[in-house]
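Quick heads-up: structures coming right below.
You will see chain A twice below: alongside chain B first, and alongside chain C after that.
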Partner chain A sequence: MGGVEGYMYPNEINLYWSVLIVVYPYVTGLVAGAFILASLVRIFNVREVAPTYRLALLTALAFLIVAPLPLLLHLGHPERCFEMYFTPHDTSAMAMFGYVYIWYLMAVLLFEIWLDFRQDIILTARSSTGLKRLLYRLLSLGSNNISEHALAVDERAGWIVTLIGIPSAFLLHGYVGFIFGSIKANPWWSSPLMPVVFIFSAMVSGIALVLMVYMFTTRVRGRQIDMPCVDTIAKYLFYIFIIDFVLEMLDLVHRIYVADESFRSISFMVHTKLYFSQIVLQIYVGTLVPLLLLGIIQITRFSPSVRKAIYVVSAALVEVAVLSMRWNVVIGGQLFSKSFLGYTTYKIGLITHEGVFMAAFLTLLPLGILWVLVKILPPWPERKPGFNHARDASTL
Partner chain B sequence: MKTFRDSEHLLRFALLFAIVFVLFLVVRHFVVPRSFGEYGHYRGAAIAEIAARPIHFAGQSACETCHTDIAATKKAGMHAGVHCEACHGPLASHAANPASVQPPKLDTAVLCVRCHAASAAKPKNFPQVAAAQHSGGLACETCHHPHSPAIQGGGAK
Partner chain C sequence: MTLSRRQFLVLVPAAAAAWQYVLAGTPQDAPNYQLTDHWWGMLLDITKCIGCGNCVRACQAENDVPDEYFRTWVERYLRTDWDLTTPEVISPDGGKEGFPTAEEVKNGMYFFVPKMCNHCADSPCTQVCPVGATFITPDGVVLIDQTYCLGCAYCVQACPYGCRYIHPTKHVADKCTLCYHRITKGLTTACCENCPTGARQLVDLKNPNDPIHAFLKTHDVHVLKPEMATGAKAFYNGLDGSVR
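Right after this comes the complex of A and B.
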């Protein structure tokens, strides 16, 4: 049979989880990562990254809106998704995730964004007319109070929401890892480390994305990139990426050391079908190269222009690594037989509803949504009321 | 009072949240079937609806009531454990009205390989053949009697 080597059970020949299921954890991870970066400012008081705070929140929202779309498109009958809200079953991880998703969207992200932008929204409503005024009046929910005390209340409430948001972000993405880690029939997935690895790779991908979006948008707007800001983000990216890489290597070493009955099969797969996506793309190109680049930056002082170039290259490679990791987990886990005697091939479509174009569209769609969000709620640091260039980010 | 005035906008967001929640409950009230959860995590009325569907299978004992000779042959052979309707299909209508409803004639070249086509996934002692090489396209019943398929003494049983 074409594409099949050795012996496969009949139900293993075609892959059920397509490239859209690769996109799904990738997009969800970007949400969690972007939010964690935002929380660095509010909770951990890392003031240097303040210029990216609002952009990170909007990025998280844009990606969160798209996060369920790959699943809905993959399953078909998207109207049935409401069933899991109306009649949830407590043994269904997916149903529980639905509630985590709504909680994260409504109680965390929307609320925090609303609190942070409330002053801007009200000021825009006051200074505009017609439909624009109506839109901003609606966004402000009719409130018009931006007294100092009211803003202090917002600040306090925002802090609490972010504090709740951190475990929520971990829960949101931890679930995605949990879905794979809890499939005990599949040795490639079944690992308690899976949710942890997913969370750390999510943080890495989200931070790298916001770094790139910040640098790109600042450049497009003809502004100066805040070097202490990008230096600090790159530093955090480097540290978290090290933890992520070590965790993934721990998982790998554990598999090699334990060498259970699946090991020969999985090892063969990593050396053949997954060699390019796992060894070359994920480990060498996507992990070791950016780690080396970001590591060199930590001990050597390059000029800002060189540092900026290195940050963009590293962040792009990090995205390659994390997307490859999702691919290797989702697709890799379906390429070998449970009999450990055979391997199949994933034939990806091009223009089908689960093909390359759709996957690329869904990955890029959040950037389009972000563009709209940025138009409605400009997140630029200099637009923040009371912003003072001399004091720079320390006022934020 | 001042504290309330300055935090009143938080209540607006809470109200939005509450409205969405109430809307959810209202929609849920209308879209979830009344009998959902009556017996378990499914629509209770589905049981009565399924029970009311016409029965298509007559059952082994109904066949044996009339076809005593075939039942005896089958019992002595390898297919003793295979129910009549597993091959002949659902025949409740034939059992209810034997004269006017006749079961369709089966093509053994197609029927037998459903179970007996060679596959590495099947137990080794299960009779299985690569049909094209084994019979060259001949119908299985040329050599094997479907109701007692083992070939003994070179003849079809």
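Right after this comes the complex of A and C.
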């Protein structure tokens, strides 16, 4: 049998979860990570990262809009997807996705963005005419009060929504990890650490993404990159990445030391089929190199231009690591037989509806959506009404 | 005897209906099938299986199983004396056309293991289905409502035995139904009916007269992967420790 080594159960030879299911946790993780970065400003009062606050929220929204698309395209019958809302099966981890998604989209992200941009929306509606005015009137949802008292209420409500949003972000992505971690039939997935590893890798990927988007957009707009801001983001990225790496290594070391009946299969895969994506891409290139670079920054003083270059390279490599990790989990978990006696090969399509191009399109589509969002709701710090560089971030 | 044109026109549809009834099989011993009176399972006797592939062919013919996918299949194990936990296993085309001639081994043994859905009482596939399209019937058979299934393949991932697949043209989950359309009419499954050695026996654990009760008392019967705690109801006689 082509692509099969040893013995696979005959129904296992083809993989049932494709590269789109790799994209799904990756994109969802970016949402959670970007939101956590935004919450640093509002809840944890990390004033240095304030310039990225609104951009992080819009980034989270852009990726959240796309998050269900890989799942939908993967379904054999996408037209039946609403059954998950109407007749969910209460013992299924996957059934809850629809509710967690809607909760996060409607109750957390959209609400918080609306509260934060409400003043801008109303002022834009007042100062424009025609279709633009209509658009912003619609976005204001009929509200027109931007008195100091009303804005204070917005602040308070926004703070509460963010407070609710943090556990919701953890829920959104921890739950994605649970979808895999709860499959006892698959030893590569079945681990109580899986949701935790997913959450930390999500934070890392989201923070790295917002760092890159912030630096890119600031440069494109011809503005000065706020170095204390990117330094602080890089510091958080470094520390959270250490926790993420330690957790993943803990899982790996545990598997190696316990060496249960699945170990031979897993060890074989890590040394062969997953060697490039796990050892080379995820661990060496995507984790150790950026950890080393970010670590050096913490103890030495480079010029801003060197630091910026290091941040961009590190953030890009972090994305490589997290995307590789998703690949290793999703695809790796299907490459070996549940009989532990054989291995199959993933034959990825190129232009099929679950192929490479579609996966790349769905990964990049949120950036296009983000471009539209920043046109409608400019998140730039200097555009915020009453913006003052020196003010305390707690007033955001 | 002569038939008028009128009589002929009446009799032909009646004969066609009667022939359809004959083709469908005659319900036997189950005039009033009660779901709660049964708890179905399957006895698979490894000591009797000869790896002929009759069961696989019968299942494919009965249930229109697509090529390269299997509701049931047969594996041939070679377990050598110096490695009791790592057997050599083959199942060419699911064992549908039998197996190649085995080379003689001095210190080891060959045996055949028929595989199928274990119709678990605590089935992981049922647990994970996001819409409840897969379910266990009151008489203990795990079924899929294919008009409702999303085709997400979560159940395929959750099955520890590799018994499920996504149907290549229907794009929904598919697997052994224990020939539910037959057993509720008092018939046995297609695989059992076509097994020449009686290696497969449909069993009804709620039937006090079912021979399975006496068999379980006198034989060493196990289930696959008991550590999965799925409440599997595919009972194996003569199950070697190397079987996965």
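Note that the second predicted complex is superposed on the first by the 387 of 396 C-alpha atoms of A that agree within 3 Å, B and C clash if a C-alpha of one lies under 4 Å from a C-alpha of the other, contacts with A are read in each partner's own complex, and residues count from 1 in each chain.
Here, a contact is a pair of C-beta atoms (placed from the backbone, for glycine too) under 8 Å apart; a residue touches a chain by one contact, two chains touch by 3 or more.
Predicted, not measured: the structure shown is a model, and the values here were computed from it.
Q: Going by the contact rule set out at the top, does A:159 touch chain B (first), chain C (second), both, or neither?
A: Neither chain B nor chain C is touched by A:159.
Q: Based on the superposed arrangement, let me know which partner A:89 touches: chain B (first), chain C (second), both, or neither?
A: both
Q: Once chain A of both complexes is superposed, is A:17 in touch with chain B (first), chain C (second), both, or neither?
A: After superposing on A, A:17 lies in contact with chain C but is clear of chain B.
Q: For A:380, select first, second, both or neither according to whether it touches chain B, chain C, the two together, or no partner.
A: neither
Q: Would you mind checking which one, chain B or chain C, touches more residues on chain A?
A: The partner making contact with more of chain A's residues is C.
Q: Tell me which partner A:361 touches in the superposition: chain B (first), chain C (second), both or neither.
A: It touches nothing on chain B or chain C.
Q: In the superposed arrangement, does A:9 touch chain B (first), chain C (second), both or neither?
A: In the superposition, A:9 touches chain B and chain C alike.
Q: Which partner does A:337 contact after superposing on A: first (chain B), second (chain C), both, neither?
A: Only chain C; A:337 stays clear of chain B.
Q: With both complexes superposed on chain A, which partner does A:106 reach: first (chain B), second (chain C), both or neither?
A: Only chain B is touched by A:106; chain C is not.
Q: Have a look at where A:147 lands relative to chain B and chain C in the superposition and call it first, second, both or neither.
A: First partner only.
Q: Chain A residues touched by both chain B and chain C?
A: Of chain A, residues 7, 9-10, 87, 89 contact chain B in one complex and chain C in the other.
Q: Once bound in the complex, which stretches of chain A touch chain B?
A: The contact residues of chain A facing chain B are 7, 9-10, 82, 85-87, 89, 106-107, 111, 114, 118, 141-143, 145, 147, 149-150, 152-154, 157.
Q: Could you list, by residue number, the parts of chain A that touch chain C in their complex?
A: Answer in residue numbers: 7-13, 16-17, 71, 74-78, 80-81, 83-84, 87-89, 91-95, 97, 179, 182-186, 261, 333-334, 337-341.
Q: For a test of understanding, state which residues of chain B touch chain A in their complex under the given definition.
A: Contacts found on chain B: 2-3, 5-10, 12-13, 16-17, 20, 24, 27-28, 31-32, 36-37, 41, 120-121.
Q: Please give the residue numbers of chain C that touch chain A in the complex, ascending.
A: 68-70, 73, 75, 85-91, 93-94, 115, 124, 126-132, 148-154, 156-166, 170-172, 228, 244
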